[in-house]
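What follows is a pair of complexes built around subunit A, which joins subunit B in one and subunit C in the other.
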Partner chain A sequence: MAHADMDTQRLDLPEPMPQPRFQAGFITPYAFIFPALLVMLGGLLYPVFMAMYLSLYDWQIGLDLEDAPFVGLTNFSRMLTDPQVWEVLWVTMRFGFWTITIEMTLGVALALLLEKPIRGASVFRTIFILPLMVSPVVVGLIWRYLFDARVGWINYYLGAWFGIEPQIWLGDAQLAFFAIVFTDIWQWTPFIFIIVIAGLQALPSEVVEASTIDGANWWQQVFLVKLPMIKSILVIALLMRLIDVFRGMEVMLIMTGGGPGRSTELLSLHIYNRAFETQQLGYASAISVLLIVIVFAISTLILTMANPMKSRSDV
Partner chain B sequence: MNDTFSRQLYHYSALVVLAFMALAPIWVMLATSFKNDIDVQSAEPLWLFFVPTLENYEYIMTRGKFDRYLTNSIIVGCASTVMTLLLGGFCAYALARLDFKGRTLMANSTLMVRMVPPAVLAVPAFAFVMISGVDNDLAVLTFLYTALNLPFAIWLLFGFYKQIPVELEEAAVVDGASPLQVFFRVLLPLMKSGYAVAGIFTFRIAWNEFILALLLTGRTTRTLPVAASGFITDTGVEWGRIMAMGTLIVIPPLLFTFFAARQIIAGMTAGAVKG
Partner chain C sequence: MTGLFKKGVGALAALTMSTTLAFANPYEKYEGTTIVVSWPALSHFIKAEELIEEFTEETGIEVEVDALQYLKLRDRQLLEMSKDEGEYDVVSWVVMWKGEYVSKGLLTPLSQFYTNGSLVDPNYDINDIADAYLQNGGIVGGHKGYMPGKSGAMYGVPFGAETSILAYRKDIFEEQGLEVPETYDELRDVMAKLHAAGIPALTSRGKTGHQVTAGWLLHLAPLGGKIFDDNWNPVINSPEAVEAAQVMREVVKTGPAGIPTFGFGEAAAAFLQGEAAMHLDTLKIAAMSRDPKLSKIDGKVGYALHPVGSRCGSETGGFAAGIPANSQNKEAAFLFLQYITSKAGDQRMVELGGDPVRISTLQNNTEGFDEYPVVAEQLPCADPDWRPLIPEWNELNIDVLGQALTQVITTDDPIQPIMDAANEKARAIMEREGYYVWQ
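Up next is the complex of A and B:
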């Protein structure tokens, strides 16, 4: 039978196909992506769906999940009228506004001023990325020490140089907010600086030279030529920082724990505190669904602007 | 002539000031870690002139289970890096080179899940541990770090694969090499620096991660950042010891920076500049 089948098959085909090779070509791509796909499904997508599922239950720490009452969308309606959620959203937005505005302004300004290739630039660049490499926990520890009311160096120099009384930086709502903004600026301005300088140095020199010949002064060159040409880089850098504002929490967790009050509690940290301080796992999951929606919205924006895997021809 | 000189002077002095601002806090940590209690409490900040002591390092290394935490960090860091590079490398290769149904979908969803916030993983991971009873296990942490790192690694390696001329592989195929042979014999040697960059980023994130490690590890499976955070609650004022711990955590990422700054910058700018 088998023999006959093979014969008819061979007859049907107009030309003999290199069968094994064809099969390998079809299966191979999936064999290559499958392991990674499996891990991402299990480690990223499954937790996201799990969070959605848990958000429908009133689950508290100490209770078995099977015993947790199903509450439908109650957690979500509660979230919408929860003053704490609105408060941390407001804190997150203010934090994002100040850090991103200052980091972008400083980073871009410095990149424009220091753009010219110069001997030893690579040494300085190495130094500038150091803050980015430091673990968030350690960043929190360092700045908690510097802002410490008793032994902190910041109080000392403010007193010695400007005669300012020692402040309890991390114990005062406004000062603590300032402190976490300041820390973020220290760590992330170099990121903007490095990205923008890479963009500026990749600009075709003819265009910039042409504008000089046309009589453009430095300011015109910056605002009419250079910045517009690296606009997409600026927007992507900004959106990447924006996503980090919604993802990050470790520095604040170490420096202030979100306090005093909720003055330094970003949305991510609020989820953490809700889940593990007030122990409302179900409700915390509902808030994480909100966080997912926000982050995915920003990701989509980035993707529509710059998708590195868009087509096969993009190279 | 004079003008370029003064411009260069201004350029360098600006860079020096910025470098100082970037380094000063890290230096403060390093210096504090070598101070005795009296110097730490000193009214005037001591930048340089104090008698260095190793007592903080001695303390953290002998009390508690420092070697255990260090080993945990290394295991989780290395295991998740190897996994990420292996799986991510295969996947990036397929996305960059092979044509198949669902390729665009796969590429896009990889980029979407890149940004999943760790805070979102926290509760489900905790729930998983509660339900399954798999507690105190580094495997869960390794798996999650691999998942968290895969999207970025795939993205990065994809870019590197794209830069390799296809002709090399075509020649190998004509010579009768199988896809696996092409991957291992032809591409891998050319991808060394790509894998180095992806490896550095992956290891650094696994090494530095705190939230998931805090939730998913116990007394014996703690990683270094978790152990470091323990010093705050235990001993609110023992800054010397905390800073010694911080210094030890920072060593590997700083070493990477010194040896591979160029590649790290390439990795950081890949996301924005190439778009």
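Up next is the complex of A and C:
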């Protein structure tokens, strides 16, 4: 009976109001996302699609795009059989390997050394991040003159201190490659350092203390506790440097112009030269598409192998 | 009555004067017009700004100058000249760009102004402008497309043009008991002797790309070489071309350290700072050597003709100026061009520290300009065809020769195979661009 009353009461309830299709708060997140989406579409996707579109034309600066002949995939077939493209891709990969390996090692090592509060640590940290504040063009100019064969300080001090004969640093293929690797390490190691030290200082102290109580020595703490715990940060740093290697060209343009020969011509500089030196905008766009594909593939691979978001949720 | 007569005479005189003035001032129609000039922010053009002020004062035509770094100039000019109505009324181009500008329909042929009696100054005397400069910078559509000929037309006048001469250190030559070289054999001999004495001999451009090619081209023409034969077959592996490459290698070995990294600025600086005994390139080195901000060798420099190989042949380069097809003030722009390249304008440019383009100006200004008699003697030998001014030249210059010649000067590899390979690459480019469809 009681049940019947309850049922009756329930039945007597007024019909629930139909839910509005769009609740008041439903639109809010999309409204916040919209400006960013617009920027993404305008600033990222549009140039990418434009590059793909231009890569199908033989377009030169000064001609209307409407007048440029459609060449289909000719630019892509030319690119794949062009030994210059493979040569600069190889230079880019060698450059990336040496710079990123050394920058990651040095950046992490410096961060581990300076993570503890020691006397003068803040001064060291400020000095270490100074190169990051210098624009790439200025970096190129500074090091171009430091490496100069006639008036450069490097030759001067190598001669004065070690009696080494002056070297034509930027006029020899191997020395020039070394010079641009050295310069990149000088400029970008602080970037790794600053990211890693922030990660190390954010680690929960209990975990490190627990490992000390368990008898872990310094090396074990570094390799078995600290670095695994900041893996996501290391992956992000690696990814950003990798993208920079494929993207950056200013320093090489100023220091060597890609020479001697193509010994320091990275893929991005090659694209610049094709577009603005030889005026082949369509062909340059095709190589840009290759660059996008390579960066996308490498980024996907790294994020799949060591997804920083996944490791963060694991923690 | 007398007063009336006087008034009448006065009125008549005033009428006559005003009529005479109206006829005597060809600029009156354009007074108040503003023209925009696009040219490089280089020494010659910066010095010309005073001449522009004088032009405005005399003509009433206002001039706005858009001076850009010369490497950015072409992109900007192409962009402006591609619009329906561009901003520029006068553009100054590096001679290498003239073919591209004309083939894209961006320039106005100057003949339409030379047929207009109200615009042309009868005292202009175009024949006084050095032939090589005019052909190299202003004529398009004749032989090979970029040389004079029956199908050619004039699109620009030289302004800031140049040729090459030899600059040498008089003090070093005197100390070493050396004669100034007149031939390439003598030049190579002097280079070897200076090197043996521990003195860097000849500075040169040598940076990968167009710089090293420019260095080599300076030797190619006098040694009798060319880039193409008359059928557009590349001949950069000819004995003359290989010999020019051999000279480049010797220049690097006997010259100041770092030539493979030198652009024009670095090559000139090596000479001006006293680190090389010779400079064989543009005549602009003379003005630079007199500038105390740039030079430590003022007063020690002598000038001589570009050494001769199998023929005489110095470079022709620099700038010419013309009128864009989309200019809105073409006639005022022509008057401006005529003014700055007239006899008086050319003379004024010398006084302001610029480079003259007229033979008479060179001959009339020997005082204080040691190089002028040499330049006047050099110009008949200047070769407007020392490099091909075709759209494909950029790619050949940078990608093919610029790479091959770097290998020549930075290694000891045999030169002939390097130039053979470059020749094949050049042929492939010309084939791709359709140059052999008639063969």
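Just a few scattered comments:
Please note the rule applied: the second predicted complex is superposed on the first by the 240 of 315 C-alpha atoms of A that agree within 3 Å, B and C clash if a C-alpha of one lies under 4 Å from a C-alpha of the other, contacts with A are read in each partner's own complex, and residues count from 1 in each chain.
The criterion applied here is as follows: a residue touches a chain if its C-beta (ideal position, glycine included) is under 8 Å from a C-beta of that chain, and two chains touch if they have at least 3 such contacts.
As the structure is a computational prediction, the values presented were derived from the model and not from experiment.
In the superposition on chain A, contact is made by A:233 with subunit B only, not with subunit C. Touch criterion not met for A:242: it reaches neither subunit B nor subunit C.
By the touch criterion defined above, A:108 reaches neither subunit B nor subunit C. Shared-chain residue A:88: touches no atom of subunit B or subunit C. In the overlay built on the shared chain, the residue A:276 is in contact with subunit B and with subunit C.
Comparing subunit B with subunit C, more residues of subunit A are touched by B. In the superposition on chain A, contact of A:118 is made with subunit B only, not with subunit C. In the superposition on chain A, A:181 makes contact with neither subunit B nor subunit C. When the two complexes are overlaid on their common chain A, residue A:65 makes contact with subunit B while staying clear of subunit C. Looking at subunit A, you'll find residues 148, 276 touch subunit B in one structure and subunit C in the other. Per the touch definition, subunit A reaches subunit C in the complex via residues 61-64, 84, 148-150, 166, 168, 170-173, 256-262, 273, 276-280. On the subunit B side of its complex with subunit A, the touching residues are 8, 11-12, 14-15, 18-19, 21-23, 25-26, 28-29, 32, 40-41, 43-45, 83, 86-88, 90-91, 93-95, 98-100, 103-104, 106-108, 110-128, 130-131, 143-144, 146-148, 150-151, 154-155, 158-159, 162, 178-179, 204, 207-208, 210-211, 215, 225, 228-229, 232, 237, 239, 242-243, 246, 249-250, 253-254, 256-258, 261-262, 264-265, 268-275.
If you check the complex, the residues on subunit A that touch subunit B are 24, 26, 28-30, 32-33, 35-37, 39-40, 42-48, 50-51, 54, 59, 65, 110, 113-114, 116, 118, 120, 122, 124-138, 141-146, 148, 151, 153, 156-157, 186, 190-191, 194-195, 198-199, 202, 232-233, 236-237, 240, 243, 246-247, 249-250, 253-254, 267-269, 271-272, 275-276, 281, 284-285, 288, 291-292, 295-296, 298-300, 303, 305-310, 312, 314-315.
For subunit C in complex with subunit A, the touching residues are 74-75, 78-79, 81-82, 100-101, 104, 106, 206-209, 256-261, 270, 275, 391, 394-395, 398-399, 403, 406-407, 410.
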